[in-house]
Each structure stands twice: as C-alpha cells, then as structure tokens.
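Multiple structures are listed underneath, in structure tokens.
Two complexes, one shared chain (chain A), two partners (chain B, chain C).
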Partner chain A sequence: MSESALQPFHEQYTALTNAGSLPGSALPWLSNLRERGMTRFDELGFPTPRVEKWKYTNLRALERQVFHPATTMTASLGLDRVPTLIGEQAGHRAVFVNGRFRAEMSSLGRLPKGAKVMSFAQALEAEPNLLAEEIDQIAEGQDEQPFYHLNCAFMQDGLVLHVEEGAKIEEPIEVVYLAAADDESLAYHPRHLIVAGKNSEATLVEHHVGIGEANTLANHVTEIRVEPGAKLHHYKLNAETDAAFHVSTLHARVQENAFYDSFTLTTGGQLSRNEPHVKLEGSFADARLNGAYLQRGKQHCDNTTLIEHAVPDTHCREIFKGALEGKGRAVFAGKLHVYPDAQRTDGNQLSRCLLLSNQAEIDTKPELEIYADDVVCSHGCTAGELEKDPLFYLRSRGIPFPVARRMMVESFLAEVVQEITTEDLRQAFLDRVTDWLSRSEQ
Partner chain B sequence: MGATAETVEQVQEVTGQKYKYGFVTEIDEERPPKGLNEDIIRFISQKKEEPEWMLEWRLKAYRHWLTMKHPSWQKCSIPPIDFQDAYYYAAPKQDKDRPQSLDDVDPKLLETYEKLGIPLQEQEMLAGVAVDAVFDSVSVATTYKAKLEEQGIIFCSMSEAIHNHPDLVKQYLGSVVPYSDNFFATLNSAVFTDGSFVYIPKGVKCPMELSTYFRINAENTGQFERTLIIAEEGSSVSYLEGCTAPQRDENQLHAAVVELVALDNAEIKYSTVQNWFPGDENGVGGIYNFVTKRGACRGDNSKIAWTQVETGSAVTWKYPSCILQGDNSVGEFYSIAITNNYQQADTGTKMIHLGKNTKSRIVSKGISAGHADQTYRGLVRVSPKADGAHNFTQCDSLLIGDTCGAHTVPYIESRNNQARVEHEATTSKISEDQLFYCRQRGISEEDAVALVVNGFCREVLQQLPMEFAVEAQKLVGISLEGSVG
Partner chain C sequence: MAMLEIKDLRAEIEGTEILKGLNLSMDPGEVHAIMGPNGSGKSTLAHVLTGRDGYEVTGGDALFQGQSILEMEPEERAAVGLFLAFQYPVEIPGVTMTTFLKEAVNSIRKARGEDELDAMKFTKQLRERCKLLNIPEDMMRRSVNTGFSGGEKKRAEVLQMAALEPKLAVLDETDSGLDIDALKTVADGVNRLRSPERSMLVITHYQRLLNYIVPDHVHVMVKGQIVKSGGKDLAHELEAEGYAQFGEEKAA
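This part shows the complex of A and B:
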C-alpha cells in the first residue's frame, strides 16, 4: 500500500465534503457513515497481495492511476441507443452513466405496481428514513473490505429497488451501467439497495458496459435482502472496456424459504473483482451463486465469494467456470462457512477452468469451514486444457481445429449458463459467450 | 519390533546389579540455563564437538530468527510461546529419574499399550522404564547396522554424520529447507540437537525399513530434531518415523525439520505415525508439533512419498511437501489426521510442479471429534515449464459430534495449460446407516465407529508399511474413544 495512492481520494473527499456537494450532507447518519468510511479506508489502504483475500489480485495498476470523481454529465454520449441485453422492447430499464441515474435514457414507465425503482439520490430526498434503516445495515463483515469503505465515503447514486410483498414482476428489470470516460480517468462509487419483500418474485439484470478510451473505476456496493418466501433472480454481465477497473462488493441476506439465484458473466474489464457475500439466515433458504468468466489479453478476473450457512436446513450451490486465452488470469476463491448448529446444510461448490494458452493462469482457493456435523458439503475444482479425445473426434469428422475448439469451449461454458432459469436471458448470455469465442485470437 | 525377552532380561540384570551396589555414575552433564542466545548455541555446538562451519551455520540461522515474527495465519489458537523460558539443551535422562518398573507408569498409558497389543518387554521400553531402551536397541541395532554397512548405507545420528561425513552434510543440510525458511525451521537450524542421517549410495535398494526405533542414541533427541535423507541415483529407501505407542515427553514444543533429497530414479518413502501426548479431555497440556518436512525430487524419474498418521499432539501444524524438480518425478502424500477432545490440527501438503510430466497425488482423510478443530491446507502449484504435469487431490473430512470443526483450504495455482489439476473435497458425518448396521450385528458403538472410520481411512492405511499398518488401524479406534455416546 502506498500512501500516494490514497492521497487523491483523500483530497477529493475533503473537497467534496467542504463544498457540501455529496448528497445527503444534511443527514447525520450518512455523514457519519461517510466519515467512518474514509477513516477506515485510510487505515486499510488498497489491499496488497499480502492480504489473504487479495493474495492473487494485485492492484498496482489501479494504484498508479489518479481517478477523478465522475460528475453529472449532461452532454450527449454520442450513443443513438442504450446498449441492452434483453432487447429494447422487452422489460424495464434503468440507465446509469458513470454511476448517475439518467431518467431520460431509462424506460420504467411500464413497471407494474409492487415494484418501486428509484435512484439512490432520489431516495435520499424522498425517503431518507428508508435508506437510513437499510444502508450499511444488511452488510456484515465489511470491516476488512477497503472498497466497501471507499464506497461509503463517496457514494452518490445507485439503484434502489423495492419489490413489495407478494408482488410478482414478470418481466426482467434491466439496469444498464455505462462507464464513459474519454479524456481523464474517472472513478464512481454506486450504492445499491435491493429488497425483495415477502413471497415476491423479480428478475434483475445488471448490464455493465463501457465506451471511451480512458480508465474507469467502478466501485459498486450492493446490499440485498430476500425476505421470507421471496425469489430474486440476479444476473450480471460485465462487458466493460479493457481500460476498466470493476470492483463489486455484494452483501445479501437470504431469509426463510427464500431463494437467491445469481449468475455473473465477466468478459470485459482490465481488472474485475466480484466479491459476493451471501448469508443464508433463515431455514430452507437457498442460494445459487454461479458464474462464468472469459478473459484474454492481460485481463484479470477475480471471483471471491463467501456463503454463510447460519441456521439449519439451508442449501447452496456454486458453480464457476471459465476459459482463459492469451495472458488472461482468473482467480476463484470460494468459501463455504457452516455455523455451529447449522445442521442438515447442503453445500456444493465447483470451479472449473480451461487454460487455452500457455501464458494463462488460474489460481483457485475453494475453502470449506465447517462447524456442524450433519452436513453434506463438497467442492471440486479442475484446471487444464481441452480434452484431447473429443477434440480429435471432432477433427476426424472434418471439423477444422478452430471450430472444434470453439464448439468444445462453448459446450463447456454452456453447462453453467444453463443454470439461468429465464430462457430468454439464458440465450442472451449464451450469445455473449459465442460472441467472445468468435473473436478468439487463436 | 525390537526387544526380545532375552535382551531385556540381560539388560535388567545388568542394571539391577548396578543399583544393588549403589553404582550410579554421575553422568548428568551441566545444563545450560534457560533461554536462548548466542552463548547457548555455542554451548550446544561445543557440547556436540561440532566443527566451526556448523556453529557458523547455527549462528547465521539464529541471527535470522531474531528478525522473524511468530506466524499467525494458522487456524489453531495457541498461547504465545516464551522462547526464553525453555531449555535448549537437555542432558541425557538419568535412570534414577525414570520409572523403576511398570508399576510406576501411568496406568492409562499401560491400558493403551494393552489395547495396541504391545508385548510386555516393549511396553517397558516405550514407557522409558529404567531398563534402558538404548541398551536394548544397541544390541538390536548393531546386527542391522552391520548389514547396512555392507551395502554402503549410512544410517546414523546427525551428530555422528557431522563428524564422520561432513562433506555430505555440508552439501545437503539446508539445501531443501534453507535456514531462513520459516520461523520454526530457522529456530531448529539454530538449536537442533540431533536427528537421523541416512545416505543410500547409487543403485542400492535399502534391504529393510529404516526406523528411528533401531537407531542408537535415538533417545532424547529432544524437541529440535533434524533429519536428512539422501537417496543417490537409482536407490530406494523406506523410512519410518515415530511409533504407534503413545509417547510422553516433557518438552512441550517440538519443532523438527526433515529434509529429503531424491536424485535420478531414486525413491524415498517416509512414513510417520505420531502419537504424542494430546493433552487431557479438557485440553490441558499436550505437545505442540510444528514440523517442517520437505522433499526435493531433484533427479528425473525420482519419487517421494509421504504417509502420515497423526493422532497425537495438542496442536499439529505441518505440511510435508514435495518439490518436483526432475522431469517425470512423482510426489505423493497420504494422510490421516484424527483429532479428538480439544486437539487442533492444521496440516496438509505442498506439491510444487517444476519439471515436465511431474505427477502428484494427495489423499487426505481428516476425522474430527469432540471439540477438536482440523484444517487441511494444501498448495498445488504448476509452474509454466511443467508441461504435462498432473495433480489429483482428494480430501475428505468426517465429523463426529456437533462441537467439532473441519475445514479445507486448498490453494491451486496453475500456470501451464498442458497441466491437469483436479481437486475434490467432501465433508460429512459418520453414516447413521452404517453404524446401525454394525450395531444390529452386535458390534458395540465404539467398535462400530472404529470400523467405519477405518474404512474411511483405508486408502491411506494401505500405504503404510506392513508392521505399521496393523497397529495404525488399532490406533484409529483408540484415538476416537470417548467420542461417541
């Protein structure tokens, strides 16, 4: 950790607070949270590989950058349409540019009753008490997460989604996060709150894209509560530019009989880090924490996950698969933690990686920490190249090598993409995989 | 193993006579004061009449040690150790301090011997009854020693090796575990008192299992043991460390270092059975076993296999590792770790693949009962040059009771696309169905647990040398006593 890397953030924070330009400066709880965030971030600094949770992800490239706080942009982005994953006609859409909500680009008019979408900044004005009750309250174990604290200090906007009790939102809600930086490096720290009320059901699709040449740092923090009996499907595509740094810290609590289903596909970014922390805190809570990554060039993707089984009869399944080309690097560190007395826990974890080049690297740390005896927990992990026999079989049928290879990688990854329960979305994610493979350099 | 009735009788006669005439020679050497400083290290070195270079090496290690911090990443809680509050050179134990007969020995210990089926004479020896085991093993060992010497095998204590084979020691000591390796290995390098030295010449297959049990002066090698095994081209050796019988020791901290070197086509098999005092049912007392064990497969087609059965010690903290340098070299690690009551174990292995077509296999079985906590921690690293490397890892944990913990922390780093790395781990509890089936056949609950656990560990038990395997199976059952019901 170098002091100089922290300096710009410090100065920016002081400037912003003195100018009173951070939203909610009149709210004591928020000011305290910001203050505490900045202090703690100062103490922790950017993590070095000596910090166990960052053992395989080196932030030197990020520390070298001086990021400017992203400001509200009113100018046109030069985009004729919003990039969308699910199609312009389908679903509901909230658009954020550099972390700021852009109402004019969003289409939320058709949102059914029972679903409330606001921007964080709007919510601060309209319902500050709601945020006071939830923000920083759902998160747990955040003390050692420097990026979480950095986010607390700088948070300005983000998504607030509230699904009311019993509401079933049929169409997916797509949130487009557009990173746009052309001239100077920009940093922004969106803060999201998602509450799925009792017995409700909704699908949230996060779509991260980027335009422009300059570096961006998107430091997301998401807090999620899935209330008893609710179902929340949460899918994410990270397709930012190769100049983007993406850090996403997520804290989710899953209550009794609730189901939290997540899938993350990472194809973009110079360095991306997904750090979901899911706590199963009600009996028969169920979580899926799946993901895939496709990295090439000098990209680096880190999925560090923690699933806590806090009470008896909880269930989780975690599958991460990926393929690496060029000097692509990936990290998977998944931890299952079973509390004492969390009997009849069922936890499975699988990590598989294909190394498609001789310079790619995968570092895996699947971890089990178990304090109850009546459990079934397992993890499996493999790393290696494509199997020779099927490849030979395909080629013996006259399929050229690049095609055969693509078919095999595609089917390898399809296995985890299949876990997405909504059919249209499954196809959309599969298309992204196919698209990445078609751009293969090899 | 070892003591025949005859020799023990003879020895008893001799020692008995000694006492009859009150013929106790004052062999007690001056003991240096407690604490650790350069003078103590000089004292140790002087006592052992070591050459200058050895002393220099020790001092170098000590000076480095002063700059190091006690590691804290392990998943065991231990109170801070006061390194100044310990003796670093223990004089040989005197007969008068030992129990004079089996009647003086802790009945609990004897009960365990009984269960393990150890003959009476051996019991005396193991319990350290004044019938000096050393005497006994002298007679046994000399016969073996002659046989080994015929083939050019060197099997002696480390101190002897420093005197008689300084070139070999100089060449290999610290070449696998450098003096600066880690906190406890560095401490060991500074203050090690003795250990075993084995050298197998080119092309020789060692005709018998080597064991510390047979080595002269094996007694009181103390808490800082240093073992070095060198297998020259085309040779092979199987080495047994420890003993299935429970061992009591006044030293709480044990920080040993074991170095193995296998050259072209050589094979080393190192088996450990560790059953030191684990502390009582309430977790009071017990030994800290912090060992650095590492083998280097330097030559092509070489092989090193570690097999360990860890049932003792309050805290076990060790990672026997293989550095697979030579092409086509093979590393294996088979482990059973059983923790009961308040025992803690953080153990596993490291397989570092450097050469082409290197293979490694890890099978780890952990059983946790009572309030025990157990962690498998392992590293598999495939370097960019290790084309065709293959690793297979399986670690299974079995939990008995709801107050214990079992953890798995594997690190897998692959930087070669032609390598294959596979890892599997499961954690579950002992199957009710299997227990029920045994109970229904009239097998008592404790025996049923022992049976099921033995089945769970079978893969590893099979790797043990014959004479160890039988005893180890019984040991598995005994270690888990009191964990059910």
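This part shows the complex of A and C:
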C-alpha cells in the first residue's frame, strides 16, 4: 500500500467537511460515521494481494489514478434517453448520474402505495431517523472492508427503497446508475438502503452503465433487510465502460421465511468487485446468490461472496458461471459459513468457467466453514475450454465456428440466467449475453 | 460427374494409419453401402469426409462434385451439400432443436448466397418435414438430443437431413443401438429422402439395415481398403459367410 494513493482522498475529505456542504452534515451520527470511515480507511488503506480476501485482485491500476470527487456539476450528459433494461414504458425508474439522484430523468410517478423510493440525500431531509436506525446497523463484519469505510467517509447520495409490510410491487423497479466522465477521473460512493417489510414482495433491477472516456470509480455500499416472509428479487447488470472501476459491497440480512433472490451479470468494467455478505438469520430463510460474468481484453471481474447460515433450517443456492476471452480474468471466492447450532442447513455452491483463450484466467476459491453436524452442503467448480464434440456437431450442420461458439457459450450461461424468476427480465439479461458474444464474432 | 470420388485416400490418427489407400466412386442418386468388421476404418472414413479434428490425411483425395473437400472447414463442407448422420449424436443442453435447425438452415443458405428464411417460413418448412417423417413437433422444443432415446436421436438425425437437404448423406452406423421397430422407422425416414439428385453412403457393420435401406452398390472394407464391391446381394453373402473370407473374424 502506498501512502500517496490515500493522500488525495484525505485532502478531499478535509475540503468537503470543512465546507460543511455534505448532505446531513448537521446530523451527529452521520458526521461520526464519516469520521470513523475516514479513520478506518486510513488504517486499512487499499488492500494488497497479501490480504487473503484480495489475493487475486490487484488494485495497482486503481491506486495509480487520482480521482476527483464527482459533483452535481460534473455530468453534462449528451444522452437522448435513459438506457433501460426493461423498456421505457415498463416499470418504475430511478436514475443516478455519478451517484447523484436525478429526479428529472427518473419516472417514479406510477409507484404504487406501499413502495417508497427516495434518494439518500432526500431521506436525510425527510426521514433522518429511518436512516439513523438502519445505516451501518445492518452491516456486519465491515471492520475489515476498506471500501466500506471509504464509502462511509464520502457517502452523499444513493437509493433508499422501503417496501411496506404486505405490499406487493408487481412491476420491477429499475435503478439506472450512469457513470459519466469525459475530462477527468471521477469517484463517487453511493450508499443504498433497501428494506423489504414483512410479507412484501418487490423486484429491484440495478443497471450500471457508463459513457465517456475517463476513468470512474463507483464505490457502492448497499444494506438490505428482508423481513419475515418477504421476497426480494435483486438483479444487477454491470455494463460500465472499460475505463470503469466498480466496487460493490453488500450486506443483506434475510429473516424468518424470507427469500432473497439475487443475480449479478458483469459484462463491463475494467475492474469489478462484487462482495455480497448474506446472513440467513431466521429459520427457513432462503437465498439465491447467482451470477454470470463475461470478460475480455484486460477486464477483471471478482465475485467474492459470503453466506452465513446463522440459525437452523436455512437454505441457500449459489451458482456463478462465466466465460473469458482474450486476457480476461475472473475471481470467484465463495465462502459458506454454518454456525454451530445451524442444524439442517442446506447450502449448495457451484462455480463454472469457460476459458475461450489461452491467456484467460480464473481463480476459484470455494471455502466451507461448517460448525454444525447435521447439514447438507456441497460445492463444485470447473474451468475449461469449450467441449469439442458439440462444437464439431454444430459446425458439421453448416453453422460457422464463431456462431457455434456463441451458441454454446449462450447455452452454458443460460442455465444460470434461467434462475431469474421474471420472464421479461430473464430475456433482457439473456439478450445482454448474446450482445456481448456477437461482438466477438467480428 | 461423380457425386463423390475418393482416390487412394490415406489417413492416420496419432501416427497410426487407418485408411490405407481407399478408392470409391458414387454417382448422383445412388445409395452405396460400406460394410466391414470393427476397426476396419468405416467410421474414420465418415469423419475424414466431414472434417473432424484429430485425423490427418496423408495421401490421396476426396472430390465432391469434382471439388476437393479435404481442406475445407466442416461448415464449408455442409454448405456444399455434405451431411453426416452421426453414430453418436451429441447432446447440446440449452439449445433447442428449433434454434439449432434454424441456425443451420440459414447458415447454409447464407453460405450459398441465398436469402435467409424468416421465422414464419422456417417454422412452416420444419413442420412439413416433421410431418413427412412422422416426428412429433414438440421434439423441436427440446434441447438438441438431450435426454433423447436412442431411436429419437437417430430420427432427429434424419430430420436434420430432411431440413438441410444435402446432396450427399453419410450415414454412420445409423442402426447401432436401435431395436427392430426403431430401425424400421429410421430406415423409412431415410427412404423418403432418397431422390435422383441425392446420394447416400450407408456405413454399417450388419446387413440388417440394408434390408430396409436397399443399396445400389455394396462395398466391403477391411483394414482401411475396399476389398470387394458388388450389388445388393453381396450384403446377404456377407451375412451368411462373415468377414472371415477377407482374413477377418466372423461378423457377430
């Protein structure tokens, strides 16, 4: 770790706090959290490969950059329309540009009663107590997460979603996170809170995209609570530019009989790190922690996950699949932690990767820590080339090699994309996979 | 012009010579059978003709309508009109028969400079072929060969032949793993696709299949060469006497 990499963040933090312009700067709990964040980030610094959880992801390229704090003024957008996964007419849409909520680009007017979508900055004004009770309270084990603390120090805006008890939100809520930097490198640290009240159900789609040539660092922290009997479907597409650094730290608590269903597709980014911690803390809590990644060139995608089975009778399934071209690299480190009295835990983990070039690399590290004796846990991982026989079979029917290859990778990844429960969204994600693959056929 | 002309073809796998100077000539519309004991090189011939990896051609040539095909990619061979019905059709989970066939038909049309079929035209055509071969349409919604029975796999191969309309079809041990009813069904499908413009090369160990797909010519292949050729009666002769007369063990 180099001290000089931390220096700009320091100066920026001092400037921002002295100016007193940060949202909620009058709230002592928030100022304390920011202060503690900066102090702890200072102590930890950017992790090096000597830190076990960052063994395969080197941050030198990120440390070399000097990022300027994104302000509301930094984004002059040449956008005709907001990019959308689910279609302009469908669903509800909240748009963030460089981490700041943009009401004029959002369409939340049709949100049904029972769903409250606010920006973090708005919520600090309107419902400071809600945030005081939840922010940094859902997270656990964050002490060793430098990016979490960096986020605490700089958080200004983000998404606050509250689904009230018993509310069923039929249409998906799409949140578009646009990274836009043309002239100078920009960093922003969005802070999100998602609470799915008792017996509620909602679908949240995160859609990360980028425009512009300059580097961006999006350092997201999300805290999620899925209350008893609730169902939260949480799908994410990261399609930022090749100049983007994307770090996403997520802490979710899943309570009794609740279902947290997540899927993350990473196609973009220069370096992406998804680090979800999911704690199953009520009996019959159930989670899906699924994902897919497609990387090429010098892209790097790291999925480091932790699932904690804290009480008896919890269930989790985790599938990550990906394909790598060129010098694309991926990391999958999946830890499954079963507490001593968490009997009858059912946990399955699978990691499969297709290496489409000799220079692509996947590092996989499954980790099972099981302290209960009556459990069913399994894990498997494979990495390899495309199978020759099906490839020849397709080609022998006249299908040219690049198309045959695309069909095979598509079907390989479709298996995990199928896990998305909403059909329209499943198709939207499959289309993204197809798009990515057709780009390599030229 | 001959549909297929194989001249002194030699090929090896990992340094072992399997085809040792093979000669064969087929005219349009003809059905030829190649019979031979295990290990005689029958399947190697099928693979070399369709361009599978792992075989090295060390001599001779194979001309398809006068054009050498040995340097062509497998998809190019399909585009000029060559088709292999696999002995062991490959399962491709996650790709439906419809998607697969549409991609195949249109790839070949594109390679030939023809317009691609739109979804409606393609579906109509596929439906007709299914009907012709008595194949239930719901099979088209299943993943390619995945979970198919032995009979279903072979019928799916025949359907692919019907959809791609090749000029030359090579049937590699199409009878293997089939009971007599399935064999009849598959043979019936093949017979419906016989035409004066289409040649077929039927590779088999047993004479049984040739009761249903009656060939114009029969060749006996032993140790990588054609050692005897004749009419359809040659198959019966072999059934009765086995391959021992050619220095091989009796056919099982």
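The rule is short, and it goes like this: the second predicted complex is superposed on the first by the 437 of 442 C-alpha atoms of A that agree within 3 Å, B and C clash if a C-alpha of one lies under 4 Å from a C-alpha of the other, contacts with A are read in each partner's own complex, and residues count from 1 in each chain.
Keep this in mind: contacts are C-beta pairs under 8 Å (C-beta built on N, C-alpha and C of every residue); 3 or more make two chains touch, one makes a residue touch a chain.
This is a predicted model, so every value here is computed, not measured.
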{"item": "First (chain B), second (chain C), both or neither touched by A:Phe392", "value": "second"}
{"item": "Per-residue contact with chain A, leading partner among chain C and chain B", "value": "B"}
{"item": "Chain B versus chain C as contact partner of A:Glu43, first or second or both or neither", "value": "neither"}
{"item": "A:Pro400 touches, of chain B and chain C: first, second, both or neither?", "value": "second"}
{"item": "Touched partner set for A:Glu361, first chain B, second chain C, both or neither", "value": "first"}
{"item": "Touched partner set for A:Thr382, first chain B, second chain C, both or neither", "value": "first"}
{"item": "A:Asp374 touches, of chain B and chain C: first, second, both or neither?", "value": "first"}
{"item": "Partner chain in contact with A:Asp183 - chain B first, chain C second, else both or neither", "value": "neither"}
{"item": "Contacts of A:Ser411 with chain B and chain C, given as first, second, both or neither", "value": "second"}
{"item": "Interface residues, chain A side, partner chain B - complex", "value": "52, 56, 340-341, 343, 353, 355-385"}
{"item": "Contact footprint of chain C on chain A as seen in their complex", "value": "388-390, 392-401, 403-404, 407-408, 410-412, 414-415"}
{"item": "Footprint of chain A on chain B - complex, ascending", "value": "73, 384, 397, 399-429"}
{"item": "Touch list for chain C against partner chain A, complex", "value": "50-53, 73-75, 77-79, 83-84, 86, 89-95, 99-100, 103-105, 107-108, 111, 143, 160, 164"}
